[in-house]
Structures are given as C-alpha cells and as structure tokens.
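In the two assemblies presented below, chain A is common to both, partnered first by chain B and then by chain C.
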Partner chain A sequence: MRIRVLGNLAILCATVALSYGMQVTKPHYAELTAPVPIDGAMHDTVRARSFDVRLDKVIFARRLKTDQFGQEKLLTTSGLWAVVTTNLTAVGTSTTVADGTWQGPTGLRYHQTERLGYRQDMPPHGVDPGLDKRGLFVFEVPPDQIRGARLLISARQFGPLDAQARISLDGLTIGADGQPAGILPEFDLDAPPSQGKS
Partner chain B sequence: MFATARSKIQTWITAGAGTIAALFVAGLMGAFGALPAHAPPQLSPDAAIEAGRWRLQPVRAYVSHARVYGVALKPGQKALVLEVDMTNRTAQSDKGYFNVFTPEGIALPDPSPMIALVRDSTLTPELHPGMTERMAYVWPLAGDAAVPANLAFAVTAEIFKPHDNLYGTPGWYNPYRLGTVTLPVADLPEGGQPQSGQSGSGS
Partner chain C sequence: MSAVSTGTEAAADRQAERKWRRRGLVALAILLPLTLAETSYDSVREWLRGEDLVAREVAFGQSVPFGGSDWKLADLRGGKAGRLPGGAFAVIATFTVTIGDPDLQKQWLGCKLMLTDAAGRRWLPDFISGVSLPEGTMNCTSAIFSGARKGDTVTVGDIFIVPQDAVKTIRPAVGLSGERPWYLRFQRPPK
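Let's turn to the complex of A and B:
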C-alpha cells in the first residue's frame, strides 16, 4: 500500500517536472511565426519566397536633396543617410516589396525613413517576374552602426512566416575611425543613377 | 503522519480563506479609497526624463499665433507648442510618442497634438534607436483661451512586456502617469518666429 502511494507520488513529481520543463522551453508565438531569414551577401542575388533581390551599392551622405511636390528639399540628419540601391524582380507573380530595415551590428533595427514622402523609386516597390527593377531603400543610421550591419528586406512589415532577405553589408569599405569611406556631403536623389560609387 | 499534515493544511486553508474574504469585502465596501493617493512626482525640466521607451529633454514651451512647423491653424486659433529632445531608448524604430505629453489645466479643442520633426517639419516620423531628434508637440487652442505663465505637462510612460498576454509578442503596454513637468510658457506675438530650429524646407 505504502509502496503504491510512494510510486504514485514519484510519477506525479516526474510529470510535474516534465511539464514544467516543456513549458519553460516552449518557443514563444512571436518566435514561431517570425519571418524566415534567407542569408546572402552584397552583389549576390538573394532568392526570397516571392521576390529576388540583389544589393548593388550603398551610398552614404550627410544631406539628401529631393524634390517634393515641385519644391526642392534638403534633408539633414543627426547620423548619416544611407541610400541603398537594390535590383528587384518578382518570382512567380507581380507583387510589392515594401519593407527595408538596417540592422546594426548589435541588433538595433533602423526602419527605412518616412521623411521622403511618396516617390516612384521608394518602397513599396511594385515588381514583376522577369523584369529587373531598381529600387531604393533610404535609412538614417548613426556612423557606429555601419560596420557589421545587415540589410533586411521583406515584402511587408509584419510578415509572419514570410521570407526575409538578410544581406550582410561586409563589402563596405570602412576607415580607421569607424566611418565609411567616401561620405558624400550631399546626394541628389533625382540625379541620374550613375552618381557616386559603392 | 498524514493525519497531522491534513489538519494543518485545513487550518491554513480556513485561515487564508477568512483573510481573503475579509480583504475582498473591505475592497467592495471601499475601504481602500481612504488610503492617501500618491500624487505623481514633479519632474525637473532641466534633467532628462526616462519615460519608458523615450528619453525626454523638454526644451521650451510657447504659444504661437502663426503657422508653426507646417501645422496650419484655423483662423482665430493659436497653438501651444512644446519642443522636446526625444531619444528612442528601444532597439527599433518607433513612433509611439503620441500620448507622452498632456497639458494640464487648459481646455483643448482636440486633445491629440500634431507632432512634427523640428528639423524639416515632417509630421510624426519614426524615431530611430539612439538618434536624438527635436520634436514639436502642437496643440491648437481657441484664440481667447487663457494659458498660464507656468504650465504643467503630464508625462505618460509605458512598461515593457517581453510577452504580451494575447500573442506573446514583446511590446510596450500599461501606460501610467510618470510625473508632471512644469515649464514657463512664452507668448510669441503674430509673425514672431521660434529662434532656433528653423525649418529648412521653406514650406
């Protein structure tokens, strides 16, 4: 009788311990439904689920010149402007690529700027299969978040279980002071795309 | 052995149930309403305020009678403007700063302010981690509204939850009154312009 009671208690304790262990190690909903990362490097074509993306060049500038509703605007920032030129194409059907995030070396996430208003070459980019499209993503980043950064591109901002291209920006030339080489004092977004170098 | 343990547990449960019932009945009858309420603390306008996801440094407050930072006013209206240096303390770009400041003791036609980036008058841009920007909160007021020389602004903060109760996602919830910051309010006459932080857009 006593052995049976002790045996039952032991089984109960083991069940409680096992259930508690499973509960504390259970991945959370946010992790289970996070975007699926697809890693790549600069100048490589990264194949996400609904689009392909190739990062062509990154230009850093202190000021950004843009034309807004027929008025010239000069945008300043407390960090640096990073203008990322990508080549986008759809995989199976026409779609849009709307979300770009600059992820610093320590994981800080800088979402694409909202200060430019609507422009043809800014997200959301409408892309079609078989047709290459030049798409810009513009970020405001502090200079210390450039070395070891990654660019995250996905079709929309909250896309659970959708693909997210993660392009490491290790091809950038960075000077000894931690600042990227060749910062332009001013970059004109409306100038022809040959301006500046990667 | 089991008999004594059982009687002990019974004693505990009975005593605990009695205590809980007493507290519950007292709560129902409003006994805790007699406790002294904690007034929100006064925050120093000279030191940075850590308010949840934002670090705030109030710069100045004034009343403007003309268009400020691209916010157009209706005829006969004036605007209460609060300029703040805001820093995003979180790890990602965010624009959840709409309810951070509330002017107290003043009648507002619309309690939600227009918020503009002082740098170029962009309305409600996202602020990026660690990049301090000067923001202007603009509350339109009736033209004859009296604004005290020293105005208190209530500061609201939120707490971070690593997993919210519905989806288990991290986020900022449960806004609470962090305190009150009192600033002198200057009155800029018609055509008067704020001295610093001119918008470069010319708009």
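Let's turn to the complex of A and C:
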C-alpha cells in the first residue's frame, strides 16, 4: 500500500516537472509557423516551393543613381548600397516574388530598400513558369554586415510555412579591411546591366 | 451463501466494466476521426474554394454553363510581339460569353483566365508593352463592371507570356470562385 502511494506521488511529480518543462520551452507561434529555409550558394539555382532563384551577382556602391518619374535622383547612404541581381522562374504557376532580406553574419536583418519607389526590375517580381526573369533586390547595409551574410528571398513578407531561399554570399571577395572589393563610387540602376562585377 | 453471491456479483461487475471499457475504445476510434473532420471541415472547404483543382474538359466550339453564363473558346493565337524576353511568346486567348445571370460581381468573383500546358504548368495574364487585346475584348475585371445584361454576348480575353516549349500544348482555362474546385479547360482550336 505504502509503495503504491509513493509510486503515485513519484508519477505526479514527474508529470508536473514534464508539464512545466514543456510550458517553458514551448516555441512561439511565429516560430512554429516560420518560413521553411532552403539553403543554397551563390550562382546555384535554389528551388523554393513556388519559384526558383539564382543569385547572379552583387554590386556594392556608395551612391545609387535612379530615374524617378523622369527626374534623376542620387541616393546616398551612411553604409553601402548592395544591388543584388537574381534570376527568377516560377515552378508550377505564375506567381510573384516580393520579399528580400539581407541577413548579416550576426543575424541582423536588413529589409530591401523602399527608397526607390516603383520600378519594373524591383520587387514584387512577377514570374512565369519556364521563363527566366532578371530581378533586382537593393539593400542598404553597414560594411561590417557583408562578410558571411546571407540573402533571404521568399514569395511574400509574412509567409507562414512557405519556403524561403537562404543563399549564403560566400563567393564575395572581401578585402583585408573587412570591406568588399570593388566598391563603386556610384551605380546607375538604369544603365544596361553589364557594369560592375560580382 | 452470502459469500458465494458476493463472488458472483464481483465477477459480473468486472465483466460489465470490461465491456464498457471496450465500448469506450470503440467510441474513441469513431469519435477521434469525426472530431478531426469536424474541426478541419471549414479549412478544407475554404481551401477547395480557392483552388482550380478538377478540370471540366470542353471541346472546341462547345458552349458550357459556368458561373451562371455560357462560356465558349473564341480564339487562341500566339506569336512574337511587343517587347518580350528571348524564347518567349505572346499568347492571346479570347472567350465568347453569353450572360445568363447578370449579377457578375457575385457570379464572376475571383474570375481567373489562365493557360495550362501538358506538364500541368499554369500561366496567368501578363502585361506586354506594345501588345493589347483585340477591339471589343475585355479582361475579366472589366467584364464584371461592364454592366452586361442577361442574354448579352461579351468577348472576354487576356494576354499571356509563355515559353517556346509550352506553346505547342497550351490550353486555355477559366476558374471562378463560385465554381471551384472545378474549372473549365478548353480544347485548342483545330489548326
């Protein structure tokens, strides 16, 4: 009889401990429904659920030249402009790819710039199956967030359980001072896509 | 005497308990799937309402009632036009629709014209600079607000960009919210 009582007490204690443990380690809802990462490298085609993306090149510049409603604008930044050129294709159905995030080596996240206004080659990118599309993502990042950074691309900004391409930018040449090699003083977004190198 | 009767009662009790335990297990096996079905019913219905899943095949020249109106493929033509990326073709699909129920804002909600190919890929309408719809052709949204009345015949169509390898097998299709998960898939016009 006594053993039975002790046994029951032990089971009760174990249950309380287990329940408490589960309660404190319970993941947040946003974590449970977070995007599903699909890893890849530069110049590889990364297959997300609804689209394929290949990171072709990254250009760094101190100023960005763009044409807005017939007016030339020169955008400056206290960090660096990173102009990422990607090649996008839809997998099964025409869709849009709208979200790009630059994730620094320490996990800091920089969302794509909204200072450029509407442009055809800027997100949201309308993509079709079987047709390659050149799509730009432009970021403003501090120079120390470039080495070991990753580019996150997904169909929309809040896509629970949707795929997110996570491309590591390990192919970049970084100088001794920690800054990327070949920073352009100025980059013209409207010039034909051949200037600069990756 | 009394000891014997207690023993029989205890045995009967145990048997009854075992019977109820078994019934409980059987009930669980039935109730669990039922609960699952009940709680997911709304989500499943919502999902089915949003997806063009089951094709209803329509022969060329045939007119089929869909969303309160009669749909018929009028034309499917493609070619190199406007400013297109390499390896891409512009395709225009047009339908002749005889309006039955004139409440198009309700009947044609979520109207989607698309092209499908043999591999099951789907293309949605696109904009191509330098290419416009033929005279008198509207896209779905314009048609909904065109004020068409019962018995009117309207031409609905849209422009698509498809890759060269799909051009040979593409077929036009139409989906409407009220009809999903069914959609219409039209046979190509004979060459």
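In this text, the second predicted complex is superposed on the first by the 190 of 198 C-alpha atoms of A that agree within 3 Å, B and C clash if a C-alpha of one lies under 4 Å from a C-alpha of the other, contacts with A are read in each partner's own complex, and residues count from 1 in each chain.
Assume contacts are C-beta pairs under 8 Å (C-beta built on N, C-alpha and C of every residue); 3 or more make two chains touch, one makes a residue touch a chain.
Only a predicted model underlies this, so the values are computations on that prediction, with no experimental measurement involved.
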Check your understanding: When the two structures are superposed on chain A, do chain B and chain C clash or fit side by side?
Key -> fit
Exercise for review: From the overlay on chain A, compute the angle at chain A's CA centre subtended by chain B and chain C, rounding to the nearest 10 degrees.
Suggested key: 100
Exercise for review: May I ask you to decide whether A:Lys73 touches chain B, chain C, both, or neither, giving the answer as first, second, both or neither?
Suggested key: first
Review point. So, does A:Lys133 touch the first partner chain B, the second partner chain C, both, or neither?
Key: second
Check your understanding: Regarding the shared-chain residue A:Thr93, is it in contact with chain B (first), chain C (second), both, or neither?
Key -> second
**Study point:** Touching partner for A:Arg2 - first (chain B), second (chain C), both, neither
**Key:** neither
Practice item. Using the touch definition from the top, say if A:Thr113 reaches chain B (first), chain C (second), both or neither. Key: first
Check your understanding: Looking at chain A, does chain B or chain C touch a larger number of its residues?
Key -> B
Check your understanding: Once both structures are aligned on chain A, how many angstrom separate the closest C-alpha atoms of chain B and chain C?
Key -> 19
Review point. If you look only at chain A, which of its residues touch chain B in the complex?
Key: 28-30, 68, 71, 73-79, 107-111, 113-115, 140-142
Review point. Touching chain A in the complex: which residues of chain B?
Key: 91-93, 117, 119-120, 122, 125-126, 128-133, 163, 167-170, 200-203
Review point. Along chain C, where are the residues that touch chain A in the complex?
Key: 85, 87-88, 114, 120-124, 126, 161-163, 165-166
Study note, to complete from the structure: The answer for chain A against chain C in the complex is residues 92-94, 126, 128-133
